[in-house]
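Just below sit the structures, each encoded as structure tokens.
You will see two complexes here that share chain A, one where it goes with chain B and one where it goes with chain C.
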Partner chain A sequence: MFLHYIDLGWRSLRRTPTVSFLMVLAIALGIGITMTSLSVYHMMSMDPIEQKSDRLFHPQLQTMDDGNDTWSEDNLPFQLTYQDAQHLAQAPVGRYKAAMLRTGFTLHMENSDVRPFIQNARATHADFFNLFDLPFIYGSAWTQEQADDASPVVVISEALNDKLFGGRNSVGEQFFLDDTAFRVVGVVAPFTTHMKFYDVNNGAFRDHENLYIPFSLIAVMDIDTWGNSNGWKFENIRSMKDKRQSEIFWLQFWVQLDDDAAVKQYGEYLMGYMAEQQKSGRFNRENLQFGLRNVNDWLDYRNVVSEDNEVLVALSFMFLAVCLANILGLLLAKFMRRAPEVGVRRALGASKRQVFLQHIVEVSMLGLIGGLLGIALAQLGLWGVRLTQEYYSPLATMDMTMLLSAPVIAIAACVIAGMYPAWLVCRTTPATYLKTQ
Partner chain B sequence: MLTMKNVSKVYQTEMVQTHALRDFDLEVKEGEFIAVTGPSGSGKTTFLNIAGMLEPFSSGQYMLDDVNVGALSDNQRADLRNQKIGFIFQGFNLIPDLNLYENVEVPLRYRGIKAAERKKRIEACLEQVGLASRAKHLPQQLSGGQQQRVAIARALAGEPRFLLADEPTGNLDSLMARQVMELLEQINRDGATIVMVTHDPELARRAPRNIQIVDGQVADLTLYQGVARQTDRAVVGG
Partner chain C sequence: MLEIKPIINALRRSKVGAVLLLIQIAITTAIVSNAAFIIQDRMTYLQQDTGYPEQDIFSLSVMTYGKDRDLSQQFEEDENMLRNLPGVVDAAITNAVPLSGSGSASGMGLKPAPEPGRSVRAGYLMADDHMLNTLGVTLSEGRNFYPDDVIVTQDPNKLPKVAIATRTFADEAFPEGDGLGKMMYIGDRPFKIIGIVDKMKGPWLKDDRPDNVIIFPYIKAETYQHIIIRTEPGQRAAVMQTIEDKMLAAYDKRVITNVIAMDEDKRQYNASDTLMLRMLMVLIVVLVAITALGIFGLTLFNISKRTRQIGTRRALGARKSDIIRYFMVENTLICAGGLLLGCTAAILMGQQLLQRFSLPALEMQYVAGTALMVLVMTLLAVIFPARRAAQISPSVATRSI
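So, the complex of A and B:
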């Protein structure tokens, strides 16, 4: 019977091509706009590291003396000082841990095949790759010994390896970062997420870095951040050494804590650490305070998906609702015009349920066609976003979830819009129309 | 087969109550061919709609094959209608998008009959009404008489025991009306019970039993039956 309903639905759509076209256009426009904003929102709000987002934590330390404020909602600084990051990296707790900052260099090669260019880099600990499940294509991370010696070694991204070395195994190759020769020790696979969740300070959707160098080089090479630095008191900073010893917040830190016990233990460690630091004159405050948020809590806390995006999605759904209201009106007119035929069908033995289903199948077909056309319109919309909003470029795409959702949303929306007209027509008293046909 | 006792039908609006049927009593026996006549607005069509379970009645009792129709749900009435009743309408009521084959198929689909069996029945019914060669035609490609024959084929396809015809020849010229009437008579001889509403006295006279509805009730036909005995003909109202 279902196939028969599809056949009837198809005939009905063909019988009134203009009305059918208007309805398909309305649903396609609604779906197109909704899916455009929803796709961007979906890409923004998806869990960037699903397999372990609940086990990766970003600690925060309240280093400010009593009476000082910062702009976070809980008055905790977003980033860490260098000295705190250094200490936490050496803590005996936490499975993997890495302090990090964003920096950059002019990259040039010994040969003239590749013109020098500016390249973002991340100075971090070797655990970075374990923390974020980045597999190595060639080589490996630097060793502890290399880190301790502050050796000029580098892990590069697959994209950079393709650019510099044509994708071959470049382990052992050299290039210059500013004036220092660095040796490649590993080539790492790209992140599977567009979100730079581990450092959202300068936009959570900027490109990931292509160079990773040992954290110990920050001190040796006097590396400064290419990200944000925030202070809360006057400090006379005359050199990078001064900055490293200051109370300026300029580093990110992530630690992997595998269970609740580890989280608790880490919290205790942080409290102990702050109490210890108080003895040396830091943390001049009555109540010691720390923050420890997992990836998704951290992204919420940092408002990575701003309210603007949510408002945009809500508005696009309202537009879809307006489209549906129009469809509802057209369906009402169309179905009620067909009431005499429904009267005949009812007289010939169709139950109300069968009549209702017949019409719901028809509106579902409308939804399906409109949904498919809506996907095409959404692709057009996303192309427009990519063209005009560079920052959102990596996000302006429809993944498989969104591709499959579009027709489902369209069908569901049409079924909702079609329920009332279908219910109305199935309630037709057959006798009313049999005489008047 | 059909028994109505004290059946009433009241159409209620905010201002007016209209009694379409009042204390309507009728018994129809298996195999009868009854012509129902009466003036316009007398309740003939209301009676037919209630008999066909196309609309509910306000009070009274209606038994169809010992089933108390008043106690059935809407879906049960739809099933019973589909199983036992065939309809022939004055306006044919063919579905314009469906060809003849598909039109005849409609009640069979709702009954859940398998495709092979449907095909057999449809071809037989179209053959019976002389339109087998036009199975793929759309209704609008046929004359009025041919369309009514398709409607009859559709009514017959479900092999109903009870055929309700509402002025089946009302939209036809006299030649076609005669052909349709002959077809109905043949169907009746084959065993179906037929109740036919008509305005046409000539058609009514051809039915073995006549009833007249006046003001929503079966009129007392004693007088008319007396005359009929004298003239050996049934007398019917216009």
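So, the complex of A and C:
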């Protein structure tokens, strides 16, 4: 029966080519525009590390004296001071933990035809790779001993390994970062997500770093951040040593807590730490306060999905509604004109349900064609997005979910629009039309 | 005269078509007025005057890794080399590039710390006496730096004693408008405002105070440094092309990156606004087209349903113009209802956007303008089908009864 309905639907669509074309066009435009903005939104709001996003936490400490403001909605600073990050990294609680900051160097090699170039780097603890499930292709992270000695060792990304060493096992090779010779200890697989969720300070969709160096080098090499530093009081900072001892916020920190008990324990640890620091003269405030957000809460808190994008998604769904109203009007016209034919069918024994279903199948076909055309239009739109905003390039694509949902949304929309006309036409009383023929 | 009563009666009997039309007009009005307003808002932002001859300026970044030369001296030589290049007007080493989206800002105190007092935040540039000429801005009051105002040092304890500020900054710090010659403080270190520039944007156009800019005569040569260059009109592309080689020829243990024209830099910084602008424009155009098409289609449908009725009216003596007028009035009525609903929706939507997102409050003239445009569009979309209806021959009414 279904195939028969499809056949009937196809004939009906071909009988009124202009109206069919207009309807397909309307649904295609609606879907095209909606999918363009929805795809970018979808890529932006995607869970970057699905398997453990609820177990990774970014702690925040309210270290400011009473009466000072930061820019966050709950007045907690986004980043940590060096001393706090250092302390939390040594804490006995938390499965894996890593403090980190973004920095960079000039990378150059002896006897190489690779021209010196600037490369972003992340100074962090070895747990970084465990926290974010990054497998090693060659070698491993640096050892605790190397970290303690502040050895100039480096983990590089697969992309950089390809560029410098042609993809071979480069463990043990050397290159210079500024004027220090570093030895490669590991080559790590790339992140599977475009989102730099662990450090959203300078844009959540910038490229991931290609170099990872031990955190202990920050103090030894006087490394400064290439990201944000935010202070809240006047401090006389004349050197990197002053900065490390200051109340400036400039580090990110992530910890893996496997269950609620661990989260609670970690919270208690943070309170205890603050109380202890208060005795030594820091945290001049009445209420000690901390934040502990998991990955998705954190991204939400940091407004990673841009407002513009949310506005666009809302507007494009309203646009889809207009397209639907249009299709509804056209379907009404089309189906009502067919009432006499339906009258005959009803007289010959077709039930209301059958007539209704037949028309729903017909509008679903419209939706399918429109949806497919809409995908093509959305590709055009996304191409425009990539052209205008390079930064969105990795985001302005449709993944499988989006490709599949386009026709689903289109068909659902068409069925909603077709419901009323189909219902009207199935109520046709055969007698009225049989009389005039 | 306008037969409003019979029209309303007729509409009551076939509600669906009218309601559909009404909804379309309402949503269209709501979306278009808000989108047009956002577009206008972004346009003003994107087209603002930055105070710089953007088409003649470009910048580059230098990352030095060699340790065998004195950085300050190297940069001094670089500046001289660059200033003497053919096609170059002037060049200056700086800590930050205006309009680029990256730089430094700090609160400048009216009292020395730790004395309590107001402080005014400003993006600051650190460069020598060539900076004003390089940026192509002129002083409206006071004087430029003298060469001996400029402090070239690696010692963090030496700080500049004078500064040039924008009018906006000076007026915010000294609301009387007499900022020239006044003292201000970075922490506990004093400096004097010796010159005022009327218009000069800082590193961040999206800052809540993009006009608060201050220039210090100070060069602390860092391993990562920016250089701004202004060229003769039309010479920029040629100079940009050879600049990396020229810089590396002067000293090769460094990397030259980010060689970028100022207008391009600004474009990249603003790319998300341009994107929003374009998306909204596409949305509006397609939306208006679709709505017009919808009205067109629905009127055609209404007419085809009423062919016999129209024929009867014509047979009873109605002129063609009466028929056309009938449909025009009918549509205007529906449109008026839709506009009423749409304007309310537009205002509510504007309030929602204002509350949830950092968008300014919707201005009423956008709602009014959109309503007018939608009305005109509706009438245009109706004329053709109405004229077709008027062509219906009276004989239709007498057939097949």
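FYI, the second predicted complex is superposed on the first by the 433 of 437 C-alpha atoms of A that agree within 3 Å, B and C clash if a C-alpha of one lies under 4 Å from a C-alpha of the other, contacts with A are read in each partner's own complex, and residues count from 1 in each chain.
Keep in mind that, in the parts below, a contact is a pair of C-beta atoms (placed from the backbone, for glycine too) under 8 Å apart; a residue touches a chain by one contact, two chains touch by 3 or more.
These figures come from a predicted structure and were not determined experimentally.
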item	value
Touching partner for A:Lys352 - first (chain B), second (chain C), both, neither	first
Which of chain B and chain C A:Arg238 touches, first, second, both or neither	second
First (chain B), second (chain C), both or neither touched by A:Ala261	neither
Touched partner set for A:Leu315, first chain B, second chain C, both or neither	second
First (chain B), second (chain C), both or neither touched by A:Glu307	second
Chain B versus chain C as contact partner of A:Met400, first or second or both or neither	neither
Winner by number of chain A residues touched, once chain B and chain C are compared	C
Partner chain in contact with A:Thr429 - chain B first, chain C second, else both or neither	first
Interface residues of chain A shared between complexes with chain B and chain C	436
Residue numbers on chain B that touch chain A, as the complex places them	45, 49, 52, 54-55, 74-75, 78-79, 81-83, 87, 89-95, 97, 106-107, 109-112, 154, 158, 166
Residues of chain A that touch chain B when the two form their complex	1, 4, 11-12, 15, 340-341, 343-354, 429-431, 434-437
Chain C partner contacts - residues on chain A that touch it in the complex	19, 22, 26, 29-30, 33, 36-37, 105-106, 108, 116-118, 176, 178-179, 234, 236, 238-239, 306-308, 310-312, 315-316, 318-319, 321-323, 325-326, 328-330, 332-333, 336-337, 381, 384-385, 388-392, 420, 436
For the chain C and chain A complex, residues of the former touching the latter	16-17, 20-21, 23-24, 27-28, 30-31, 34-35, 38, 63-67, 113-114, 156-157, 187, 223, 253-255, 257, 268, 271-276, 278-280, 282-283, 286-287, 290-291, 293-294, 297-298, 300-301, 304-305, 353, 356-359, 400
